[in-house]
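Below are structures written as structure tokens.
Next come two complexes, and both contain subunit A; in the first it sits with subunit B, in the second with subunit C.
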Partner chain A sequence: MTGKRKWISRLTDFIFLLPAFVIFAAVIAIPFIQAVGIAFTNWDGLSKTYQFNGLTNLTALFRDAQTANAVKNTMLYTVITCVGVNILALAITVGLNSNIRGARFLKSAMFAPIIASLVITAFIWGRIYGDVFPVNFGVPTPLTNTKTVVMGIAMMCLWRDTGLAMVIYNAGLQSVPEELKEAARVDGANAWYTFWHVTFPMLAPAVTTCVTLWLGYGLKVFDYPKVATNGGPGKASETFCIFVYNHFFSNNRAGYGQMAALVMLIAVVGITSAVTKALRKREVQM
Partner chain B sequence: MKKLVSLFLAAAMVLTLLAGCGSGGEAPASEAPESNAEASGSAEAPSGEDTSSDEEVTLTFLHHMGEQGKQDGLVKLVEAFHEKYPNINVEVEFLSRDDFINQYKQRVSADNAPDLINYRPFETPELIEAGLIEPLDASLFPEGIDQNCIKSLSIDGVIYGVPLDVGGYGFYYNKNQLEAVGVDPESLNTRSGVLDACEKLMAAGYTPLASGYAEQWPENIIIEGLTYTGILPENPTLFTDLMSGEKSFSDYPEFLEIVDYGQKLVGTYSIVDNKAASQQASDQYAQFGRGDAAMMMQGTWAVSDIRIAQEAAGNTDEFGFTIYPWSDDANSNYMPANADDSFMISKDSKHKEESLLFAEFCMTEEAGKIWTNASGCISALSGVMPDDADPLMEYFTATLADHAYFFEMNPGLAGQYYQDFDKVYIEGRVAGITPEEVIENWQSAYDNIRATGG
Partner chain C sequence: MKKKRLRTVSGKAPLWLNIIMWMVVTLFVAPFYILIIYAFKPREATMLSNPLSLPDSLYLGNFTEAVEKSNFFLAFKNSLICTICGVAILVVVCSMAAYIIVRRQKSRFYAIWQYIFLAAVMLPFQTVMFPIYKDLVSLKMLNTLPAYILVSVGFQLGFDIFLYCGFIKTVPLELEEAALIDGCGRMRTFWKIVFPLLKPVTMTVVVLSALAIWNDYQMALVVISKPAVATLPLAQQSFIGQQISYLNLAAAACLLSIIPIFVMYLFLQKYIVKGVVAGAVKG
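Up next is the complex of A and B:
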């Protein structure tokens, strides 16, 4: 390809990217850059004026007794959902790939909850917890207990998202060569040994994808607790995103809320990058 | 390169989360805000119908009235107004109260503030301070308007709200069930009287109090109501003193009794089973209306929904209403009262003249009648009574006249202080901690807000 043609080809590629780039810049990048400035002010979110206050918001965030509560709730939710979704999805996918009757129907059924929006899911489970649990099983709703509320909210995610993770694991399973498993069986390996030493290592790319996805979803969870409990009872299910939202709006501390959002951005990027890097390393070693 | 692209994509995904938190509008102006009075003076009522132009105008009325009667009332008010001013439509939008003010602030940030907002100055002094609410001229209000309402809707002598009705909160009771357990409704005018009635009802197998505490606001009014009548009358600067740190919660020993009482009302006598823990305010009205609970702590606004539930269930029991006593001294117990359903006009409304016309219309006898007939609430206009008044109206008006305390004449809690007051209390009740611990937690929360620059 001549230099001119190469240049035209690159320009064509760029033109295809341009609309998406413009939208991204206008809707996300520029507002974000503007918002970074707010993090270093005492803006209340309503007034027409504000003052620059340097690192006051940052130091206050680390002194704030409520920060730890929000971090604790977020981490608890993330661990439950990230671990839960992945184990459940993997187990069900492997189970349904064992040529059991009705496997296709069951796969579709498991995927169905993903159609519901996060808000609808929270409403559905709010009613299930509120009406079905106490009346049919004599079990109180977990959403009104400070000790069980995060677990109750995490259940919503497990119900809705397991199907999506199953799709990813199912695609991974299809790529595992049958002859490898056959060879293990010929060598006398039982089902568990074959899964653990042959199938599972081959699923490493799918594990990387799923763990990273649900780690990210968990760390920035907002919808479920917002709709189901509004962060309550009290602040028992206040996640970091709700903490940011409340400071930005309810508490009239937009500058402080924005600083919390910035810190969260750095933490989420840092954690997900580190985990992804560690998981990718495992893929290479395999 | 691959790593860089991956990092960029990851950062882009996370940015989508944070972009919504940024200011979508213009950068805030650098000049100092004008004081409300200086900004535009007080808006006077337009005189007569001919002041509006013929241009088609649509006003937005953002409200949080969940009761069916009130929602019907709003529709009827808007229809009557449109009949009078055919070129002005009013679009009524409902938002849940629990997140109402956040949604409003988001709209303000997006330069999309509604013309009319169903909130009171006491609840959101920050909106007034930020100059977002139009000050109103006294000439907008007729002579027959309840002056307690006007004072409740004013800050520093400037009126900001238009009252549709006057109300308060107290105990609804089922006369038949109280009679069955030998409780005289008169005894409900003291705290011991209420607790004694609850014990007798429970012992006889009744549910003492209807529950709606899966939602936050029905429990907020439990603790707020007791504070408004128990501590505020003697300490009008209670909230400003607590926010500034000049006083601490332990300076008010009444809080111990109040928290203990509130915890008992909700924890022991309302949430009597697993099902009750998950009930919403609408369930609470229905529970009482059906006769499934003997009493209910709620506001005068609930009456229309109670009647709907009562009629649907074919329940023929008689109901009564009394004050919400905070102490054992009947003479110091009042009904916490306010200009319940009120609205304010956005200063940045693009249709200010038409908004004022709507406010002026709401202050007419015609509108008062429409509102009181549909909502079952007590009109803020004296002498305006519903055609077919609910029997409970007699109790409401008598209590308002003799035993009401209009707490919103005093400065209220703002921002995070308001949020944490309710949240700390509720979390404490749910976790089953003692009143002493709740008070400690309140103090820690307020100290924390101040320490972090709130």
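Up next is the complex of A and C:
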């Protein structure tokens, strides 16, 4: 009797997990296993037959000049957005928390760009670059120049994401005890010194979080360059995700693209966890 | 009380800082100005010399024309269906999974699932994009809304379970224990007693998931590329592409699609902020 009841209770426990388990299996686990299988073949993505070709895709990937181009663009974008978003968000958060008039209103205004979808963001900035830049400022649009296009796309991300990072910094700043800053002030420290030696070290966990987040977003960026320039002009703004997407859906090299996607997964996880580890270590030292 | 007193001691910010901060924030909000004035200008006015000039009058013709030409309500309906269904499924599925993961923490089987779902948050969509696409083709489910809802739910699942787990850990056991002793089954205990207590985190999950699904572009591009099932971001992208010389119409369509999410943002901002902060802890 008790054995049967125990069994029933175990079954109900599992029923709680079951729907999540099924969806996870269908959308992530099974496709992931298939993905690993595809990565070691010469499949074009359309034909019924294809052969296992070992590590050919991997070696070809490292020799491909387009890989280097995609990696370079992705890195450039990631560095600009990760550094830019964090510096801007930190500076504006600290500014808004120093008893500014209407700070509450300003904080919600800073957050507003996040409600615009990527498509709308790209449309708005397309108009700013295409109409306002040449007519009102006499500057050509950065999106048609191969040297400035990544910078131009990164600007869209800075505009949309800074408010989001501010929310995290704001929460971190609220946790800095007012007494601590007060003590530094009484001891004769100026605002600049207080910020670097009292406030900033207390913000270290927030910095770790934000840097890691935007590092991940940057390395995985697809939507901004896809919608704004579709990787152009030429391949000047083709990021790694677009590179992978194009191999699947326009170049018909599914096996090759899948290998690229797996390498990307390893790179993203590797880079993000290495940076997180380094930042966490520094947190402790501070 | 103490905190408040200390704040006033540190005094008001100087005027120059006030001015700088207001200017910086204005700069961040300014791009919306372009969208709004373009949406209210007739076509000829968008091609005149100064793009930043205010429209002469509030011309509403763009909105009616954009709604007709872009099939706005169809895309709006699709977006609404996907967002509502996706969010409802996420709330039910994730709250249940997180509950059992937290309450059966001592069992190794359930503890491992917490890490598996957390790892799924890191997975780039690109890695499984093509197998998903191929599977949907062979199941004849490509370009259907249920398939899109399933895929969006799958990719939001890990994050929402993570949010629920964090909150459920803080819910005291006593209430449910009493119910269990009274002979109430685990399922009934969960829905009658625990779930109502989860309301704050449920709000956060609802808002963040809704925002993610409503604004999603990448997954929609792969799963639902046909106009009949396209959601707003997709429909807009192709509409903008067609109307490259009718910027006023494109702007009007964009502005219309922001409105529902803007209303949600006005009323639920508190939960968005809470959710972002809670989510950031995962770092």
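Just so it is clear, the second predicted complex is superposed on the first by the 267 of 286 C-alpha atoms of A that agree within 3 Å, B and C clash if a C-alpha of one lies under 4 Å from a C-alpha of the other, contacts with A are read in each partner's own complex, and residues count from 1 in each chain.
In this text, a contact is a pair of C-beta atoms (placed from the backbone, for glycine too) under 8 Å apart; a residue touches a chain by one contact, two chains touch by 3 or more.
The shown structure was predicted, so the numbers you read here are calculated from the model rather than taken from an experiment.
**Student:** In the overlaid three-chain picture, which partner chain does A:K235 touch, first (subunit B) or second (subunit C), both, or neither?
**Tutor:** It touches subunit B, and subunit C stays clear.
**Student:** Output check: A:G216 vs subunit B and subunit C. Expected answer is one of first, second, both, neither. What do you get?
**Tutor:** After superposing on A, A:G216 lies in contact with both subunit B and subunit C.
**Student:** Does subunit B (first) or subunit C (second) touch A:I115, or do both, or does neither?
**Tutor:** second
**Student:** Which of the two partners, first being subunit B and second being subunit C, lies in contact with A:V244: first, second, both, or neither?
**Tutor:** both
**Student:** Between subunit B (first) and subunit C (second), which does A:S9 come into contact with in this model arrangement: first, second, both, or neither?
**Tutor:** second
**Student:** Thinking of the overlay built on chain A, is A:F32 touched by subunit B (first), by subunit C (second), by both, or by neither?
**Tutor:** Once the two structures are laid over each other on A, A:F32 reaches both partners.
**Student:** Please work out whether A:Y256 is in contact with subunit B alone, subunit C alone, both, or neither, and reply first, second, both or neither.
**Tutor:** Touch partner of A:Y256: subunit B, not subunit C.
**Student:** Which touches a greater number of subunit A residues, subunit B or subunit C?
**Tutor:** Tallying touched residues of subunit A, the top partner is C.
**Student:** Considering only the touch criterion stated at the top, classify A:T162 as touching first (subunit B), second (subunit C), both, or neither.
**Tutor:** Second partner only, subunit C.
**Student:** One more residue to check, A:K48. First (subunit B), second (subunit C), both or neither?
**Tutor:** first
**Student:** Where on subunit A do subunit B and subunit C both make contact?
**Tutor:** Residues 24, 27-28, 31-32, 34-35, 38, 45, 131, 135, 216, 220, 241, 244-245, 248, 254, 257-258, 261-262, 264-265, 268-269, 272, 276 of subunit A touch both subunit B and subunit C.
**Student:** With touch defined as at the start, can you tell me which subunit B residues reach subunit A in the complex?
**Tutor:** Those residues of subunit B that touch subunit A are 6-7, 10-19, 21-24, 27-33, 98-99, 101-102, 105-106, 108-109, 126-127, 129-132, 213-214, 216, 273-275, 277-279, 414-416, 419, 423-428, 430-431, 444, 448, 451-454.
**Student:** What residues on subunit A touch subunit C, complex-wise?
**Tutor:** Where subunit A meets subunit C, its residues are 9, 12-17, 19-21, 23-24, 26-28, 30-32, 34-35, 38, 45, 92, 95-96, 98-103, 106, 108-120, 123-125, 127-128, 131-132, 135-136, 159, 162-164, 167-168, 171, 178-179, 181-182, 185, 205-206, 208-210, 212-213, 216, 220, 222-223, 226-227, 241, 244-245, 248, 254, 257-258, 261-262, 264-265, 268-269, 272, 276.
**Student:** Given the complex with subunit A, which residues does subunit C contribute to the contact?
**Tutor:** For this pair, the touching residues of subunit C are 3, 6-7, 9-13, 17-18, 20-22, 24-25, 28-29, 31-32, 34-35, 38, 49-52, 92-94, 96-97, 99-101, 104, 110, 113, 116-117, 120, 122-135, 150-151, 153-155, 157, 161, 185-187, 190, 211, 214-215, 217-218, 221, 232-233, 236-237, 240, 247, 250-251, 254, 257-258, 261-262, 265, 269, 272-273, 276-277, 280-281, 283.
**Student:** So in the complex, the part of subunit A that touches subunit B is made up of which residues?
**Tutor:** 24, 27-29, 31-32, 34-35, 38, 42-50, 53, 56-57, 60-61, 63-66, 129-131, 133-135, 138-141, 143-146, 216, 220, 230, 232-236, 241, 244-254, 256-258, 261-262, 264-265, 268-269, 272-273, 276
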